[in-house]
Each structure stands twice: as C-alpha cells, then as structure tokens.
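First comes the structure, then the notes that go with it.
Read from first to last, the chains carry the letters A, B, C and D; within each, the first residue is number 1.
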C-alpha cells in the first residue's frame, strides 16, 4: 500500500470572513474545498491551517510532520512572521514539498525559497485558457492539451521568477496577456510547484483539471526517500576522507 | 575593433517566385530584407543563400567559413538533402551558431540539431502580442516588456521542443492560443535560437523589434572563442592521463 | 495494483560471444543480468532483444508495445539501421521512455533523440566515485550521497551533451577526470535517462546502487498517462479555433 | 567605445589582518589582487569595499551605482546586516550582477538571492582539476578543456544549490570528491555567477585562467540594457489593458 502523506493546506482565510462574494463561494474557506477534493485520495492525510490560528497555523509539531505544504495567501503576506517563513524555507531545503497557489507568488515563503521578488502584473477577472506545455511530466497526467477557465484574475508577464526546472503550463488571457501558470522548482532537497489559478472570487478550485493538477502536484512534491540523512550542516570531511578514499 | 562575423541568410526562396502576395512584399526574397537590416551592423559580413542555388546554397567552402547560419524554410523542407543537413548539424556541434526562423521549426537541420519532431499547431493570420520573459538576456537587449505584431500566422502550443536553456519570448494570439516564440538552446559547442515571427505573407521582418532581436541573436549565437580546439572526436586518453596527472 | 510496464533491454550482445573476459562475466549477455534484477520488480514485464536478432531485435509489433527501452551498444553502433533509429526516435517523441547505458552515449538512437554527437574522452578502467547531485529526484530514491565502483572505464568531460533537464549524478575518476554520469532529458512527450556505468569488462551491473538507479529510471521514464492523444502531426486549427474560442 | 562598468570587489578582509599566512599572500587583501587584474581591462571601473568600512562598504550611493558586485566572505557572514543583504538582493532582482567567490556560497546575499542554504562539505587543501563543461558560454572564452590548481580547499558535493541556468565548470579533487565549481543563475532581471576557487591560503587569484573567468564573468553579469524600466512593483493593469489591447 502506498505511503500516507501528511498534507497541510494553509490559507490566509480572511477574505472568506469579510467579503460577501467570497463567503458565498467558499463558506468554510477555500482551503476547506481543497481539503475536500484531496480527501478523495486515500493516500493523503490532509489537515487545515490558517493565519489566525495559534502559531499562525503551523506549530513546530505540525510543520515538522508535514510532507507537503500548500499555501494560499493574498492581502496579509506581511502578517506572516519572519520566523515562520524561515522555518518553512529551511524545511523545504531539507525535503518538504511546497505548493504556492495563485497570489502565493508574493508570499514570504515562496519568495524566500525560490529567490524572487515574485513580481508580476495583474488585472480584471476574465477568460483564461491554460495550455499544457509538458505532457511528459507527472503533474500533467490526465490533463488535455488545453482547458478553459471561464473567469480568473488576470496575471501577466513579466513574472520575475527564475527559469523553472520544468515549465508545465502557460496561460492565455482575453486582454492580450500570457503567464507562466504552472512551474516546478527544485530547491535543496525539496520540490516546489507554483500554480496560478485560484482567485478568491473565482470558481477554479471547483474545476476538475485544476483539482487533478493540485493532486498530482502533491504526489510529485512529496519528499524523496533519500538514501542518506539530509541535515542543515556544512560538514568538515577530513576524517571521513582519510578513512574511505585515501588507502 | 569588433571581430567580423560571417553570417549566411538561407532562404527556401520559392514562395517569393510563385505567390503574388509574397512577391509583392518581398520581391527579392525575405532573406534579402533580413540581409538589408543586418548590413547596418558593420561587424557583420552577410551573404545570401537559397535552396535552388548550386549545392543548395551551402557549398563546403561557404559553410565552413560561416559563423552564424540563419534558416528560413517552409514548404520544401524535404528537398534539403540529408547530407547537407548532417553537415550543418555537425558544424553546430563544433560551434557554429544557428537561427531558425518561423516555419524553420520543421526544417531538417533544426530537428536534427535540437532533438525534436518540431510539431506544433497552426492557424490563420491574426494579431500577436510578444512578451519578454527574460529581461536579463543579451537577445532581449532594447526590447520592451511586450510588443504587438498586427498580423502573424498563428502558431500554438503544444510545441514539442525540449525545454530550452533560456525561454526568452512567449506569444499571445487573438484566437486563444499561446506559443513559446523565442527560445535558446546550447547544442555541443554551438548555440541555437528559434524565433517564431516571419510568415511569408506578413510584415514582421519590417518590425523594428523583430529586427533588433534577430541582430542580437546573431551576436549571441556567434561561436565562442574557446581556449581549446573542438574536433569531432571521441579520444582515448591513456597517454595524456599518464603524463599529466599521474605523477 | 500498479500498471504493468513493458520494458525491453536491448543489447548489442557481441562482446559476450567473442571476448573471453566478457563471456566469463556475462555468459548470457549483460542484458540478461539487467533483466534478472528488473524481474524482481513485479510491475515490470521485461524482455530481451539483441542486434543480431531478426529485425535487429525490435520488430514493429515489439517496439510499438514498448513503454521503456533500455539500450546498450558499443562497437557496432553503425550496424543499427537508420530506419530502426528513426522509429525509436519518433516513438520517444510520442512518449516512450529511453535509457541509454554506458557506451550508448554514442549510439545512433541516443544521438538522434537528444541532439548531440555524443562525444567524450575515455581511458583505462579505474576506481570511480559517483556523487548524488539531486536528492529530490525520484531516480535517486534510496541512493546515498555517494558510492564507489572499484573498477569502471574512465569517461571524461568534456561530454558534448546538451544541458540536461536534471543532472543527477557526477563521477570522479582516479586519474583526474570527472563526468556527468547520470542525466535526464525530456524530448517531445518522452523521457530519456543516460547513465554512465556499465563497461562490459566491469561488474557495475552487479552493484546494488546501480541496480536501484536503473530500476528507478525505468519507472521515471515510463510514458505519462496524458490527457490527450499525442500523434505525429502538425495540425491546422482553423475549424477547432472557430468552434471553441471565437464565440 | 565600450560602456564603462562599475564593479565593486567586496571582501570580508579580516583573515588578511589576523592570519600571518594570509597576510603574506594578500598583504592588501585578496580584493586588492582581484582589483589589480580587473584594472587591466579599461572598460571596468573597479573599487574596493570591506566589511569593516563605514556602511559595511556599501552605502546606498555606492550600491546604487554598482553594475556588478563581487563578493568574498568567509568567517563573518553573520556580521553582514540583514538590511544590506536585502538591499543587495533587491538590486540583483532589478538587474545588478552578482559574483560570489569561494566561501561566498554561504554568504547571506548569495543565499537570499538564489534560494539555497548554500550547504556543502569541505576538507583539506589539495590538488584540484577544473573541467570546462560548456565551451559555448561567454564565461568560458579562452579557457581550455581543463586546468589544474595545485592547491585549493576541498569543496564537495552534495552542494545544495538549485540547478543552475548554465553549469560551466566541474571540479575534481584528489581525495575522491567532485564539485559544481562554476554556475550561472538568472534571478529577476539580474545575473549571478558562483565560482569556487579562491581560498584565503591559496594562490588561485594569481592563476591566469581564474583571472580570465572572473573577468569574463563580470562582463556576462553586467546589467542588460533593457527596453523598459524595471521597478520593484506589482502593477495593476486595468487602464493600460483597456487602452492598448481592447479596441
């Protein structure tokens, strides 16, 4: 039987309490909807976390057991503590998976992990077409060559991310813009996926292809079963070298 | 003074003789228009070549002196000889630059050099917006964050190229499609640039940004002044190793 | 239950018949040893093929059912037909996995799929240390930060391959050389892995880490279950576009 | 005439004052030696900066005029202020070049710009062979296929950097280790080069190939003359979109 993965869906979870339009769409928070469709996959053990929870939702005992952390933040990036940001970043470098959704491009953890200011341009909600650029990648499993989101927030290039290790999806927007909408990054011993759909006033998290992509991404981002222990060290090798190689 | 670069602009040069619309736009061939704007750069020594010239335009004495080869072909890819294709490919692996324009994505040399079937989807001429994805790259020097081509042939993803070493431009098309419109590849000791604009019934080769990009690309693709001679060999190292390292 | 994968281990299979030293090590061919350890994985359906078999071991009915093709060739690369080379290349572009072992760097299929002359330098058998450069990748699952092969053929940089999509392993050799020993490439809809150990007079195919890597690579290279059919076409989009996007 | 580039060579500059061995080799600091050979290139305007200078050597009026910042730090990474680190990082994202030498892999700016913990293993000084992996790249101009440093500090894989945009050099060390010794990264609108030689007790900065590589890297890392102004913003596009595209 497949190994059980611990997944945390972290949500800023403020729009859903203050904006009627968002509340109507995601009454329990958009993270609850993400958990709902991930729960259909019995190999995943999914829990919720929110900015206004104790320890900003990620006390050490939770974070240190997390295999894949999904992150949705928007208006309150600055409220995430630098200390938590650093803990998340360091855990990714040691192997934890990290999936940044939508406005998470500007979140503190994404910026610190990737090495980017996360800048892009943005505009009104409109029709988006998502194109599959890499049919050989596990995250595109089951995804057609393109699919349509009737309404998403416009995100536009230039998007000041580094070149990804794998560029999976590109987006077309009605108003004349394109966007690198799905991108994989290896950082240290960890894996990171950025995926653009998921504005709080849009229904993208109900789209079956968006759901498949996020589910595929969780499995792809899961920590590798490495053949050695990866620690946060910069060790001196003298004795090891002497013993092993120098005969 | 900057080193003089030998550039050959190779054109299938058949549409210009048979289709009135193309003849009107490019009476001396589209390669002549490319040569014209490259000639403004006095460090370039530009010559023309065409499929129906002797030796398909590239006798050994020309090919072996070429620093950067620009390639435009469309309907007659199959008429390019396998022998010439192989000579071009092997010279790129030894350092020659190669720039494939527009329908050159399906040319024999591009496919053999890159490792691709070159497949894509295509459609009617329409408005295209080209987005600059990599403002740090020498080929994007002087190019704004985006520019518009009022009419270009639709080229659409999925485009079955390998992930490029640098993805410089992405294209938006009116009908809902996007395309990786400018991409750099390192192959062996040589450099390759693919650039999508340039349909024979469109005016893209008169666009100042398209011209800047092609000129920048010629300089980027020029052979590196390597510190050793690169030959087409797979040498055995025994004596060299013994002499140099093993004391 | 996991999907069954059809794997073919193709071997030139001539050294084992003519050189005593090789015959002693691999009496039934080195492909038989590879099959033996792959057979321990019950999700794999492994068969053997050799250059001197009918249809060079890969009649259409076999090739067209193959999910992952493993390739070992050395002295007889030129005897592999151009027609078969082209069939293999085209199938990789449509999704088949391809694993080139050791001297397969110079094989016709590897060169045609990747876009390389495959050149490198080589020398006497000696101690090799293989370093794990990417602990986040599925192919390095279970592999320590390094392991030692007491005797392998020296392969040295410069190795004229394109930059890989993922560089997994680097090799150290006693005589002062290094080599990019394990590298992943995406080509079209297919995945390719090159792995350097496996000289015919060495025991690397008996090394447990080499075996783990090859087994991991088979699973990684398996065709993706794409959400659309990938065919060898360059389709015109006019009608599709009109229907789907233009309302 | 070529544009003048403003280059700052920043050095921790403490070993040279406290350790006799280092003082003997670099009496005015190793940055002074770097400046000396860069000064031979009349297109470069080079100045020195040190950790114990006012404003840690980089007051705003200097930093904001710097085109390429070279960084050497070792034992005092923690003394570099977080504020300065952030200013450097942000300027790289807007286009400034950054070259991290040797132990700069663990410096605050390198880690923040790249997205890495910078970890590696290290050991005693020994013979190093540097191999040229990318003869097509401007930084390898004039460099042979390999060269030898008689004594350098051992740096070993695993090196927990992201996959670089271009991997230029690999190193072989006597004791059985290898290292990705020269690597290029694009970050935002800026370019970053990491180069491993340069231990404070070694003579690498007197090696002609090391000097050529650093000089080439300065030119490669220089800010691109972009065709638009890059600012640290995430602009809303509504009006722009309406005006330009929506007719």
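Here is the rule we go by: a contact is a pair of C-beta atoms (placed from the backbone, for glycine too) under 8 Å apart; a residue touches a chain by one contact, two chains touch by 3 or more.
For clarity, every value in this text was computed on a predicted model and none was experimentally measured.
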{"item": "Which listed pair, B-D, A-D or A-C, duplicates the contacts of B-C in over half of its pairs", "value": "A-D"}
{"item": "Identity of the chain that, by mean CA position, is farthest from chain B", "value": "A"}
{"item": "Chain copies touching (chain A, chain C) - same or different residues, decided at half shared", "value": "same"}
{"item": "Interchain centroid distance [CA atoms averaged], chain A/chain C, Å", "value": "32"}
{"item": "Chain centre separation in whole Å, for chain B relative to chain A (CA means)", "value": "37"}
{"item": "Per-residue overlap in chain B, given as positions that touch at least 2 other chains", "value": "129, 132, 134-135, 145, 156, 163, 165-166, 176-177, 186, 188-189, 245"}
{"item": "In the complex with chain B, residue positions of chain A that touch it", "value": "129, 131-135, 145-146, 156-159, 163, 166-167, 170-173, 176-178, 180"}
{"item": "In the complex with chain A, residue positions of chain C that touch it", "value": "95, 129, 132, 134-138, 140-145, 165-166, 186, 188-191, 209, 224-228, 230, 245"}
{"item": "Touching residues (chain side chain D, partner chain A) in the complex", "value": "90, 93, 106, 112-124, 154, 156, 160, 162-163, 165, 175-177, 185-189, 232-238, 241, 244-246"}
